[in-house]
Amino acid sequence: MKNGATKEQIEAVIKRVEELGMKAHPVYGEQKTIIGCIGNEDILRAHPVEPYEGVESVQAITKPFKLASRDFKKEDTVIEVKGIKIGGGNFVVMAGPCSVEGKDMLFETAKKASEAGARVLRGGAFKPRTSPYDFQGLGEEGLRYLQEAAKEYNMAVVTEIMDAREIDLIDKYSDMFQIGARNMQNFSLLKEVGKSRKPVVLKRGMAATVKDLLMAAEYIMSEGNGNVILCERGIRTFETYTRNTIDMNIIPSAKELSHLPIILDPSHGTGKRSLVTPLALSGLVAGADGIMIEVHPKPEVALSDGPQSLRFNEFDDLMEKVKKYLEFENRRLG
Amino acid sequence: MKNGATKEQIEAVIKRVEELGMKAHPVYGEQKTIIGCIGNEDILRAHPVEPYEGVESVQAITKPFKLASRDFKKEDTVIEVKGIKIGGGNFVVMAGPCSVEGKDMLFETAKKASEAGARVLRGGAFKPRTSPYDFQGLGEEGLRYLQEAAKEYNMAVVTEIMDAREIDLIDKYSDMFQIGARNMQNFSLLKEVGKSRKPVVLKRGMAATVKDLLMAAEYIMSEGNGNVILCERGIRTFETYTRNTIDMNIIPSAKELSHLPIILDPSHGTGKRSLVTPLALSGLVAGADGIMIEVHPKPEVALSDGPQSLRFNEFDDLMEKVKKYLEFENRRLG
Amino acid sequence: MKNGATKEQIEAVIKRVEELGMKAHPVYGEQKTIIGCIGNEDILRAHPVEPYEGVESVQAITKPFKLASRDFKKEDTVIEVKGIKIGGGNFVVMAGPCSVEGKDMLFETAKKASEAGARVLRGGAFKPRTSPYDFQGLGEEGLRYLQEAAKEYNMAVVTEIMDAREIDLIDKYSDMFQIGARNMQNFSLLKEVGKSRKPVVLKRGMAATVKDLLMAAEYIMSEGNGNVILCERGIRTFETYTRNTIDMNIIPSAKELSHLPIILDPSHGTGKRSLVTPLALSGLVAGADGIMIEVHPKPEVALSDGPQSLRFNEFDDLMEKVKKYLEFENRRLG
Amino acid sequence: MKNGATKEQIEAVIKRVEELGMKAHPVYGEQKTIIGCIGNEDILRAHPVEPYEGVESVQAITKPFKLASRDFKKEDTVIEVKGIKIGGGNFVVMAGPCSVEGKDMLFETAKKASEAGARVLRGGAFKPRTSPYDFQGLGEEGLRYLQEAAKEYNMAVVTEIMDAREIDLIDKYSDMFQIGARNMQNFSLLKEVGKSRKPVVLKRGMAATVKDLLMAAEYIMSEGNGNVILCERGIRTFETYTRNTIDMNIIPSAKELSHLPIILDPSHGTGKRSLVTPLALSGLVAGADGIMIEVHPKPEVALSDGPQSLRFNEFDDLMEKVKKYLEFENRRLG
């Protein structure tokens, strides 16, 4: 639409597009409104909307992902949750234990993490474990602790959803949904969180290209939820020294291709405590919009992912460095 | 248990194991009964069951997968569905279109496939497509066509389940469940099909090791469903000439590690019609217990996976060769 | 050239092509002669050779590899060495120890291998070991033993060349050169063996695509040596159960793209004795023109690659099966 | 050896170690001297050297790499060439065209690169091209230009050596040797540059783990040349958006395992001009000791690697940022 197109003009175009059997996705920018049309391009060739008032031009987007594409929306998307901004110069720190193991350990971790500057509390209540005999999480009890700890320390909650049937339950306790790497192409689940308007942290699958990741985001966005935060957490390669291999190229690649924010999870990306801090900073400088870090009061006794969890003092040290680099780059904690 | 242990002795041991807080999985062989105990080994050290009558010995299985392990069960598992046998010298051929696109094309394909020797009709009613804008399948209508065509041509149906909420629907129409590569670690879904007793074709994830695949099988088995058929469908590597890379090593590797049958899907494994037949035969000789093949009346106009679908005459040619090789190896169509 | 083109006509065309600043590679088939011209296509457009007598047509080959391409030469290349044929229905078995460790063990192995039907004796005299502190091979002494053992048991010798400076030395003792996976893109070495006319076994690099492999073959062929035997020995992936991952797709893929023979090395491709035989047979049926197998009198004490070397009785068993499958397929030992 | 051990004491131990049939590699640190002993550990158990004067302790290093290991030498190695320092807080910038295409373009590039702060001039005279029909480099003429341009602009030269037979030629013109990714396990070549004392830039192979890379370094070091600079240039994965995948984990991993400096080549690591600068800075912050960058006066007409070469103004911009980040981190250009 042209700069200054009126609300009526915009709605008229949306109505027309839907009459033609396509889905319309309006994106309201500060100056401009763009209306994404999903459907067969030929329809718009047969029934042009250019004659409608307020229409500037009609452009075909040929990439397989449309709503997620930088072609479709030029400016960085900034996502807000409980007053926390993510993207567009706002750097978010999500921290917490791999699994919620109990109330005390969670409150202690939330206290320390928030004091150090983390604004989002992460923690698994339902855990996707490779073995059915490993600890599977506390379930709703864990969700309740997350919500209480976040309230106490003024944080937002992000937790993984593994099953579309649990969406109401998790929605009740969590401020954001997390889709794990193993479910990146669980299309039923993607559509389900797409019906919500809560932000979704979408982790890259272990064998997913950047385009696969953006297509998964497109699944969520095509249901109407544009609040997708991409997350690199390492891919699977032949290298065995680290648990996964962080593909740092994806940070600026995703930003070239898409307007969505992207964060880095160096805890899963390396699997080694000693590598978390250098990779977190490296990701920040590559352009990441945030980090997700595993922190645990006593990693030695953690029920999952102990070797990659930071101790409190290590997390404090990381956050001091993060703040310095952000200041140097004229960015800020979200 | 000893050879000849009585039913009462067996039940007494199962009862005891469950009193101790473990799960008991009895496996009734021709000569011997084995009782798999899932839980903390220390319990059995503290409360030994050796003194119970009929107990031969108690052995710790240290592999992360237990029920799926060859250590736990020595003989090949043979799975039966509608009189069709899979495993232990019985070779199954599953064939059909990638997607069910309509009634006529499905009946035509089922007719030709069954005449050539295929006993299982495959076809997608709900399709996991990388793009949300690609054809997503006919849904229940497609399931109905599958059931009708299978009945007409005396075949069993296998179709993919992508969402735990659809299990009752798919259960109504299908004889077997298929878990796709993208859902191999969708643990909620694995548990759900684990509660059924219908056979499950479990496809290897694109970045899954043989042990990951067996752990996924273990998820299904630990819920009580031992009817798991593993399926190699190619992994993701740097090679771009083929759609995926068939890791033929996994056929005998899985057989070394597990008693479960394993089949090969050379259609997805290569992505090229010209390579399907040599790879199918190569898999047969490597020891696979079956193949899953995409067949389509007119691959040129298929809504999905046309380039890898065989034409009817090509499928006939493949089946003639399959029969000859099976005869040469003293094996038979299941 | 046309069928029946005379020697003079052929030579006239070659002379003309070279005057134009291109390289000419004549390939003399049974019926037809083809003259490959390497250089800028525009030259032939400006100075056409079609008017020359005996010329049938001039065709542009656009693949990056030309001499190795199936477009360039339709029929399978059959390579001969010491009366052994490789390719075009002739299946070659190369067998022997990973390293030549001593005279007795080599003679014993050669005796057993040749009795079982192997016609080529393999063995490393110069070994490419990941660690500089591992056994590096016996050098010229090892080469001498190879030559003597091959003479005694009527075999041909193949051994690895790792350094262009050793070509005269190895040429003196060996009937074929082997280029190892680690040197597949050692272009100096490829050019050097390209100047010889002895057959070259070219192993696929651990991260090489089928096109990379054919480009490496092209390096050898563009120097004038068309006797290249491709060899799949497994690629490097995330799978850790086997030493490498055999990409069986490459067997028919290479045959589609190229007229060169391709063999399989299941010893390196699996790294596990128990998997060698099923993979060898699987490769045979996929269309491989031969196998390369590590055999050792006492794998337990081998200085290298013990876990993947077959014992004599295991090799006998493998060869019996190979012969049966070849007979079944109307092929023969080369 | 103890702090303050005398030269005579050190030499006595070296002599003894060599009498025992082992190789001795003394490393003279500022405070301490360490004598690496390569050979069978049992010898030192049977003939202990602890009783010798000045010996502090004897420790077994069990990693497969010894001389390259951080266990063997605690402090960072700082390599010097023509007054340029690399490692231990000194950050080196190597820049230049992929191939030396002519004298003018090289002098122009060297002028601009040195003005911006690059101290090492890179450029290929012998090029490892995947196709034998691609531009193979100017050979000795290119080497002469490199030497002349470096002299004119006060830089050091690094150029690739592909063939052990060219070592004298390249040694004459170049200040450092580069081993390309394709030759990382060309052990003959590694040993040859190991006999020199000139620094060697050792690029990681496309399928090499961090341990493979350190073992390749060990090959060079075990011949006596400790001046090895590791280089990450991306590995080969399934991702196709970038030419290679930069494994940023290897920067701190290599520093944990080894005392050798490690640099990053984001030009080959991404293959895309737009990604070079963010990855270069990301690597700097991850702890890299330098970067190697392709710069070209007119990337549009480059004979090789145009799409990943920076223009002069882009390189200026990168160098300004590099200097700011180094200053922020209290590091300096080497």
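Labels A, B, C and D are assigned to the chains in the order they are written; within every chain, residues are numbered from 1.
As a working rule, a residue touches a chain if its C-beta (ideal position, glycine included) is under 8 Å from a C-beta of that chain, and two chains touch if they have at least 3 such contacts.
What you are looking at is a predicted structure, and each value in this text was computed from that prediction instead of being measured.
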Selected interface, C-D versus B-D, where C-beta contact pairs are more numerous: C-D
Selected from A-B, A-D or A-C, interface repeating B-C by over half of its contact pairs: A-D
Approximate Å spacing (C-alpha centroids) for the pair chain C, chain D: 34
Geometric centre distance via CA averages, chain D-chain B, whole Å: 50
Where chain A touches two or more other chains, by residue: 207, 235-238, 240
Chain D residues within the chain A interface of the complex: 207, 209-211, 234-235, 237-242, 245-253, 256-257, 269-270, 274-275, 278-279, 281-287, 324-325, 328
Residues of chain B that touch chain A when the two form their complex: 38, 64-66, 128-133, 162-165, 182-183, 185-188, 191, 205-207, 212, 215, 218-219, 222, 235-236
Interface residues, chain A side, partner chain C - complex: 236-238, 240
